[in-house]
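Paired with chain B in one complex and with chain C in the other, chain A is shared by the two complexes that follow.
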Partner chain A sequence: MTTTLEHTAVAEESQGGGLARYQNAGTAVAGGVLFAFLFWLIARKTMDPTGEAFNDQVTTILGCGWIIGFWFGIGAFNGPMRWLLGRDHSRADDLYYAGHNQGRARYWKYTTDHKVVGVQYIIVTMGLLGVGGLLAMAIRTELIMPGNHFVNQQVYNAFISLHGMIMILALIVAIAGPWANFVMPIMIGARDMAFPRLNALSLWTLVSAASLLVAVAAVGGLTMGWVVLAPITDQNGVGMDLFALTIVVFAVSSTVGGVNVVCTILTMRTKGMTLERVPIFVWGAITTSALALYAFPFFFLVEVLQLLDRNVATSFFVSGGGGTGWLQANLFWLMGHPEVYVILTPAVAACFEIAAVMARKPVFSYRTAVAAMVGLSGLSILVWAHHMFTSGWAPTLGGPFMVTTEIISIPTGLFFLVLIGTLWRGHIWMKLPTIWMFGFIANFIIGGITGIYLSDIPIDNQLHGTMFVTAHFHYIFVGSVLFGAVAALAFWFPKVTGRFLDEFLGRISFWLVFIGVQVTFLAMFASGLKGMPRRVSSYSVIFDHTNLITTIGAYIIMSGMLVLLGAIIKSWGHGEPSGPNPWHANSLEWMVPTPPPLENFDVMPVITEDPYNFREEMVRS
Partner chain B sequence: MSIDTQADDETADARIAEGNAAHDQERHHDGGEGHGGGGDGGGHHESPEVVDGRQRMAIWLFIGGDMVILAGLLFTYLYLRGTNTEGHWMNMVGYTGHPWSYYYNVLFVKGGSLPNPTTVSVNPVSAGFYWFVTLVTVVSAGIIWFGEKRLRASRDAKSFVPIASLATVVALVALVLTIVQLRQIPEIFVTQNDSAYMAYTSYSSAILVLEGSALIHMVVLAFLGLGLSIRASRGVISGDKWYQVRLVRLFWVWVAISSVIVAAVVTTVNTIH
Partner chain C sequence: MTDSDNDKTSLKSFFWLWGILTIVGVVLGLYGPSHLMPKSMSPNMHLTILTMVIFTVAAAPVAAGVYAATIYVLRNWTHKGDEPPPPAKPVRENGIIVATWVSISVLLTLFLLIWGLGALAEDNASASSNPLIVNVIAQQWVWTFQYPGTHVESNSLYLPEGREVEFHVSSDDVTHGFWIVQMGVQVDANPGVITTIHTTPNVLGTFDVRCEQFCGLNHAFMDALGDVVTPQQFSTWLAAQPQRT
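Presenting the complex of A and B:
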């Protein structure tokens, strides 16, 4: 299919792109390394080598060099510089940036086509999950029996921290990254995102930050958990500086991405695509993005203050200078709890979408589903202090925060109502996405209910800092979000590749991961109830059985994920062809060819009814 | 989902041709972003007003994010003052040392040995100077706003160039003043256990980050102002193509407002509660 742009711009195409023709991931890495080296030299010359903060300063400046060089190398500064000089992109430039006729090379460049960005997010997410997963296996191997010492305690702590942060980053983008980019613009009838260059910026900013995070391991790691609460951060080496810089850059990435998604949904819907007719996943994307716009500036701020404390001797979190760790805890958790819903909501929305299509029924009480997602986002900003119940901060506020936290179970309960209502008496098509969606529901029940227990102050006083908490949030992040992410991948995989995700391998993977999650985290609940603390590399023999079971479960999960990886690799190139609309769905992404052409539509559609109006004959078939 | 294609093939071709023309126009209108864009009629049929509306929403969202950061900074300032941990909001009670400037004078100007250290005291930053910097920022915002109004009324892009340039220069003045202000933030040398080190009290820390934030905003304003000047002089901004001026003005005014808010807080709430 030729697109409208292609009709008129082929002749100009060879002239477009300018400097971007020479920029790609390779030049980005080269630029990053070069600038990091230059900045390192400058820092060594200009900073006081006798100062306490010398190593922190050199590391921070080196990290800044990597980021700036990477952005130069990938082409992130081309647009702003051309704007400054009044030399805006021509259509040929835009076509080049969109990756037209560049084959697979466009996946390694600052490409603006939302579908390319979506695929790039899939790859980045899988890479992050792979690294985080390997660290998880290292942790579980260390904990397989008491007194085990595959790694020393500092290295173990570094594994814990990096595993936590890498997985958090991966899950934040696991669903919103690929699918709010690849399918959402098509779902609403748009030719692309509102700001395609910002879209590419968001992706490559994330890549620059993620690479910096992995580099933390090379400079001594991070040894105090992903929340990096002060004042224990003072004890960490320069890995803390790179970590803080990672978060600062990541916050920029998520803010840019969030603005783009919100603007796209609110201003680029095609004719007739009212907010009540958008597929429910679109609501998940916008509530997530709006929440990220509120939450991540706090993340940005708290890590900037950490950097200042470490590099220029300020006293925000250092009580010896008049600061307080509680300030850091408050700022962090103002971000930290909404961030859970930034991660969770896209998974829920994807499951709504899958449930409706696979049950051949409209989303049960669409407005309730929307209200639940919006309500959850709104409430999530009022609950941060439940993470500080046992810290001693403002005990009189414990009651109100316990109530707001427990109120969150109402929109969460509505999620289940909508999902079960949608599936109820539906003609359920038990394909791979549906199976993973059911896994999501089962695990989310356990993760959600244990969350209610933990919001209760007396119980939290007993269980805070134990493996029970770890098991609870792993049921949310692994049992729910990861299952939702795989369900979404299996659902939209045919639209990306034109092929089904291998059903047989996918089912084997599902059962391995599902059983593995129960084995791992139910045993972890038991460890926690017996009093086993989190973040310890060795433990009493009274916890040995449950830890052994947990580690066995973790290996089962890993084997399931490896099978899934095999299924993805096999299916991407040689899977069963799916055609453009394998699920007989009605939303727009299934109405365009597979893979969708540049700019998606030759002629813009006009929408006259909602996407879940499955016709009788279609339901029967 | 029931879908009507908007037109038959012939009409569609006409729309495409029209769209491509509009696309060219849009590109030179506003430096529009990316390779297409959507909206009511799709990327090729968008008017500059539609693109402007989208960009304005983006600016408001970015300003919203900036508001959250400002709220966090003010929360930090007020929280540190409220808690006054170890009595160190301004004064390093219990520690001995000297203001940095005192050491500087003793060691590098006058020479000689140090007298016995005394309890360190930090004075609030100069309210007059703080408000002066704020005033300069507000003036720069006023200039760009005036320039936009004049451009929209007169459609004369030539006269906008000096106005945008003036606003840029004033923003640069504010930037320099902010650097001067940053250098005046009281640092201290603390002596403890036979060692001395430089530190900021929590008050000085909070002021430092507020002024640092202002500095970064000034750099952005200078970049934007310079860009407007160059673009207007090159004809990219003209009497009919003024939308980006409004976008920049929105951000500029927000920066001015945030300066006023910060100045009001730090010059009035500056004693231990």
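Presenting the complex of A and C:
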């Protein structure tokens, strides 16, 4: 089928694409700048220059200009406009949009092929991790000893806020972005996502939002931590407006992406691919996307109301104007806790997948794995106020929220059961993905147990707001999610590039990052237990040893990440060729050629069993 | 390694490892928190440290079990090389294991909840009907303490030993976090709202008040000194203070 289509495509090549032939990331930036400038001109003319909110209004409107212009420039509006004009896409147009025969240029365009979008997400994630990581190193360098030395406090405060926000964005997309896009549709036997153009939209809206964060830094930054809760936001300059816009657009991106993943999994599975036969990673993708669909609208809402408060003098969060900062805190954490599981679940699911394939054994108790992921997502929407135990808001709710939070340890414990049950008596192939997966297990137990302390109110009354909290969630985000993300990268890298991620450099990187994480964050637990608050640029001398150790550890992590970057760059072009099925796995993504052709399958596969029946003759022809 | 070898693999070393790691965890639990955390100066802090110890001891066998299993798996069932190992014996379900695991984690969670809710009730319980009231006012980046009934206003927090204190906390500008480090109590200071916490200082000596909610430029330096003194010293101090007009 595909072959016939591609033959016709060659003939029609010259007619396909229309306007999109001239659009790419360059025109997107040009459009963004142009519109930003136009909107700025209009805002200066129309807004009241004597008004209190003049600067905020001009900045917000300018930011909207950047976003809209960027979307025009990249081609996000082409499809809807053609539909309105009654000139729907022809087959040739669709092939052009899918990046057919465009070589590397398609990675810089509004390309609908899910595999291109997956690779674009890898690049975006690496960019975000790079910037966020540099900020982390700046923070740790400042904290190497008490007192302010390298950066002034204002700059330091901007660093911690941007570090937090950039890393949250990076981790939200780190696994779901690349792999729910690149491999998930192939895993379920689909030719593409349910809505290929929405897939491109989700990627490029994310890029337009993330680039606004650069502008936030340029206009003086954000100086109150990434949670940006009123009333301290009132004291921030116009960086706050751009930041809120970033979040609003990011929420659009994740909603569009989430809808797409959920619809794809529910409707695009090939014949015989029942929900109990999909690879377990697919369950991770659908739970995390469904949870994102619940969580991020709160994020959208909270920042829209914040923009209104700042720009047109509403008072949703202004005490004295009938509003309250506690409203904002509640809305924020209604998003904030589920978001943790939006980040974590894909890492867990990727580790399940890797454990099964590398141990040459089925996932132990597949249904337990599904129940744990679904249960965790469900519970995570009922726990948000544990972030407000010490806020003074509704003390009577402390007990109930403590109960819901501690119940989370039950599904979390099941993750370990499934992982260890899968590995137990396996024939475990110790390759790069396996090693990083073991790192995930080791770190996740520490991250998980320290979370139990914080769910207990008498303990939280002491440790809330301290470095103990910071160390806890870094064990989750760096120790667990980053390890899961690298494991997933090492596992599916051969499918993307046809080459192995360099085993030798990858192992060096593993040991550096693994040791670095223990050094950095165990010492940070000690700082927190001793009573060091978070988000400080300086500290009392009693915390000096543990902070020095943490900073040394952070440099070890950084060196490990640089080695990993080196491994990726080296292997992408010159790595050892892997063939289409290097791990001798059974799921569909390994059955197609590498790189997978446009639309993935010549003949749609029919599925009769789950992919975990490893046999002596494993490679199906 | 073949499957029959696997079946004969002795679990003895696994249980040894589990036992040893559990003991390590218990020892860490017994000494870690009390060694690292600030010295306790109130029943709340005492309870916090005790809960830390109990939870660590309770978590030790769980974490040790996971580590022991992981190490055991790594020692017995790994294969190196470029060729994939042969398929392992598939085990898709084991109802007994799942049920046991779930039951144990439910029991452990119940224990955490019962202990936690009990401790919370104890934490919140008021010891006396006649507490000393102290108004705490936060502003960027200083703490001010007022003693209602007097006109005393101070930037250091003096408290009498052995009497319950109720703090009425508010802010003049942004949200701050009022935290008495050695007494294990925290509450946000918000503009336009009064939040309360209470505790009973039970050890004489100095302590630290820190801001634990990010509050802008000099957040890192928003500290105050505190001192727990005898009731007599406290009244003497109060009388000697300049009266605010």
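Structure notes:
Definition applied: the second predicted complex is superposed on the first by the 610 of 621 C-alpha atoms of A that agree within 3 Å, B and C clash if a C-alpha of one lies under 4 Å from a C-alpha of the other, contacts with A are read in each partner's own complex, and residues count from 1 in each chain.
Basically, a residue touches a chain if its C-beta (ideal position, glycine included) is under 8 Å from a C-beta of that chain, and two chains touch if they have at least 3 such contacts.
Computed from a predicted structure; not experimentally measured.
In the superposed model, A:A138 lies in contact with neither chain B nor chain C. Of the two partner chains, neither chain B nor chain C is touched by A:A30. By the document's definition of touching, neither partner reaches A:L565: not chain B, not chain C. When both complexes are overlaid on chain A, the residue A:A215 reaches neither chain B nor chain C.
Contact with chain B, but none with chain C, is seen for A:N586 once the two complexes are overlaid on the shared chain. After overlaying the two complexes on the shared chain, residue contacts for A:Q235 are found with chain C alone; chain B is out of touch. In the superposition on chain A, contact of A:G392 is made with chain C only, not with chain B. When the shared chain is aligned, chain B comes close enough to touch A:R191, but chain C does not. Looking at the shared chain after the overlay, A:S319 reaches both chain B and chain C. 319-320, 324, 326, 613 are the residues of chain A that lie in the contact sets of both chain B and chain C, per the superposition on chain A.
Chain B meets chain A in the complex at residues 1-7, 12, 15-17, 19-20, 23-24, 27-28, 31-45, 50, 53-54, 57-58, 61-62, 64-66, 68-69, 72-73, 75-76, 79-80, 83-89, 92, 197-206, 208-209, 223, 226-227, 230-231, 233-234, 236.
By the touch criterion stated above, chain A contacts chain B in their complex at residues 4-5, 7-8, 52, 79-80, 83-86, 88-91, 94-95, 97-98, 112-113, 185, 188-199, 255, 258-260, 262-264, 266-271, 277, 293-294, 296-298, 300-302, 304-305, 308-309, 312-316, 319-324, 326-327, 330-331, 334, 586-588, 591, 598-599, 601-611, 613. Chain C meets chain A in the complex at residues 1, 3, 6-7, 32-33, 36-38, 44-45, 47-48, 51-52, 55, 59, 62-63, 66-67, 69-70, 73-74, 77-80, 84-94, 97-98, 101-102, 105-106, 108-109, 112-113, 116-117, 119-120, 122-124, 169, 173-175, 177, 179, 181, 184-188, 190-193, 195-196, 208, 210-221, 223. Those residues of chain A that touch chain C in the shared complex are 153-154, 157, 223-225, 229, 231-232, 234-235, 319-320, 324-326, 359-368, 390-392, 395, 398-399, 402-403, 406-407, 409-410, 413-414, 416-417, 420-421, 423-430, 438, 441-442, 445-446, 449, 452-453, 455-459, 461-462, 464-466, 526, 529-531, 533-540, 583-584, 612-616, 618.
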